[in-house]
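Structure record follows, encoded as structure tokens.
Order of writing sets the chain letters: A, B, C and D. Residues in each chain are counted from 1.
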């Protein structure tokens, strides 16, 4: 006999554009929101009895209604607001998890200053967050994050002295290109936090450390970047980093009688190294 | 002070085409392999000392070398083989995790029979597996799976009698389209298993149950599909199913003086419902 | 001074699911439709006067309304119907172009026969068509097509004796993998046509020729496939084929003391060869 | 009988990273290059005789070799250089077409100034160009361009007074969001040109006009943007613009007893309007 061991359901990729029309300038946020519920929903699985099911279409409506009815300054606040709504409104909900991804829009530079209501896409990077609230808790677990922060440095990166055995063909390198797409998630602790300031400080620390750290391994730079984030932001307790090694492979110019002095590379998407680590405040 | 709490690294998306050239026909497999290692690698993070690091480039080489040196009948066997290699070769490895995705290729029908060496792509679905081995274990944890199995039924699906409150605008439906992309992962237990036969039996059971189950909720069909998989395959202990509800929304023809008798729909990618569940043998 | 030299506008990617509910089985079609209009629309560009502009939102509505009001057996018929609608309804339209892509859905095999209303996705290939009608013509230009027909053969393909000079490093090969994603478009002439039968016959001819033609170059196989299509389908006048060479590169096993007897390859997405040709009936 | 009416072949998506290591800072360019040849290549199609075929693999090598052997300041120069190479080296080539796409990398801001060798991805936009050279010409046709320039304004956009008929449901709007992904290609004439300065000037003109033009229709803004580009750059003769209308649809808050004062929208990917136009210097 089979039993239903675990279940969850929700709505994913609810896309929202919110414009706050201030007297002098407009604020724009474009979000994609995922909501997942766990709780007393087994009857729907077992017999198709949906009386406790909040339709995922209603979850979608809720995102728009709450976005209208509430002022919020950042995705972290909106995710907490959504969590509290589902826990306080529906007694059958035991745990709610909200994930948000925010697109980066920069103001178009018009003359010597940023335009009041016109924007240009600010790259592939996303600001992310996850809030999770349990019906028995008063406080949600909250992580902030950044995803798809694409960076590259043309020097200041080495990789040498690693295991030599039958399976190794890669040579030691003391000057290679280091390219990655940083994916970071940090957990907020109990300290009060200005989420926008924290996000900006962590993003700057990650970029600056990537640029200036002399790298002996992707691993080493990852740890340095995590340490830098913890150093600039007392509100966070730990940071989880994923840094794919997006290889630029020196093109072999020897068959053509030429020497490749670290000038000509083939960028490749696959395969890629995948380096990860979690750094915690002690 | 910050500490390195967790670390892992590896190579992702190592793509392999292997051809086994039999006397009468060729066997083709196209795989994408991910390898992740955990173990005694902290020195690389802490000081850039890479002496215990197996380069991810060497992992890539290992995939091709082991594919050449070994006969294997399926992705499950190859993933186990890779796990055992890393644990037995490198004492600094504590845990190895191997994920494989296999593209579906069908033989081209040439005249009245399948061609010996020509293939046509068999859709977006992937056969997947994950093996994980610990240096202290003799037996790996193994899951088989299928991802991206896109299915749709034009009737035999209802959704009604769910929570009515301020946030609901969706009407009860007693005849709707049900479309999903099934993502299933099943765990193998201790029984001996013919992985190819098991995969085929589970895939058939999932498709047949989807087609014939009268659905009162995606949740209910998901459970029925999980039970069917467990019923046809004694080797597996549990199955985890993720079934996004890929909505086909009836187009409102009223403004044009027409009635939509469940004929004309708008397929949408976003947002989508996401229903999941784990079904276990008791 | 600048002048508006050319203009066109329309709606792209209008997605439609249509279900025809027969007494014994349902027919399913899922389409993505693009409509482009040229004509007397310059005022909208020059002064923002939109009085002759048919909103692209209205074009979208038209797709659903016409899908409801008309029986059609195939994308070719629907594209012609849309063309005639726009030309006959709006005098300001000079030329209308309709492109349709249809997803491949196969019936789920239930027991020993195809299910009446449940489907499984039939791969990445799309059936395509383009109809173009001018207000001064009585007859539309019509092309049928297939896109993304992914095929691979493990032998029966050579490439040798090509230009040898400083830029060549590739060796002659007398046995290589040949993989491609066929994109074909054929033009219908004046003969009456059963579009569904023609599509099926051309698809079969393309697959069979790919499988059985001994290839000395992708170019040669492309021509043979085009000739085969013209041979099986008297209604078409010409066929345009695009066949990217999706390389499988033999992995160099020499550093590991192994020989690669055409068994172990690296599939690559980029770069790819791109071979094209148009074959015409004389 | 069938004849080969047209043929072409080449290599697509040759990806190149080039680093120029100056004493004080590094210059980075990442390109994806397509090369297509037309000429005396029919024998390969007709009989598999490849003696006049330059392997697409050799074309790939050529990209890297010429990138090494030549200094070039921009993609336009590199595309011209590649064209001239193929025409002057191979007498069987009649026409060569080179397309290049360049990724946008911005320098990481380190302290108060741009870093000398560390970069962050500058968004989805690509700088593009196409050069085409005929063996009988002394001068190539050259277009510069930008693709994927994603912009959005929250006000200053109307759309009203368009055709009202049975198929219209969209209401007049005097304040809507205008979002698009600009794709522009401009043709260079006979005047001398500083391609980098021209690109920067055109990009700035496109952004500024988008931001400040009061839009009565996407069509009108497109023309204004094209005129602005021609005005700032005397070297170009014409500009071709494609501007998909990436709809933000006001979410209907009425069922929830709320009013949507242009605050809450649903961003959608499909369907989208597609507006295009070519603007020429008279």
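Points to keep in mind about this one:
Convention: a residue touches a chain if its C-beta (ideal position, glycine included) is under 8 Å from a C-beta of that chain, and two chains touch if they have at least 3 such contacts.
As the structure is a computational prediction, the values presented were derived from the model and not from experiment.
The chains in contact with chain B and with chain D alike are A, C.
Of all chains, the one whose Cα centroid sits at the greatest distance from that of chain C is A.
More contacting C-beta pairs link the chains of B-C than the other of the two pairs B-C and A-C. Chain geometry summary: the mean Cα position of chain C and that of chain D are 24 Å apart.
The distance from the centre of chain B to the centre of chain C, each centre being the mean of the chain's C-alpha atoms, comes to 29 Å. Chain A and chain C have Cα centroids separated by 37 Å.
Listed for chain C are residues 15, 61, 65, 166-167, 169, 255-256, 269-270, each touching two or more other chains. Residues 1-15, 32, 34, 36, 41, 44-62, 65, 89-90, 158-163, 165-170, 215-220, 222-223, 226-227, 230-231, 238, 244-245, 269-282 of chain B touch chain A in their complex. Residues 15-21, 26, 28, 30, 61, 64-65, 67-69, 105, 108-110, 115, 117-125, 149-156, 177, 207-208, 210-212, 248, 251, 253, 255-256, 258, 260-268 of chain A are the ones that touch chain D when the two sit in their complex.
Interface residues of chain B, counted against chain D in their complex, comprise 166-167, 169, 255-256, 269-270.
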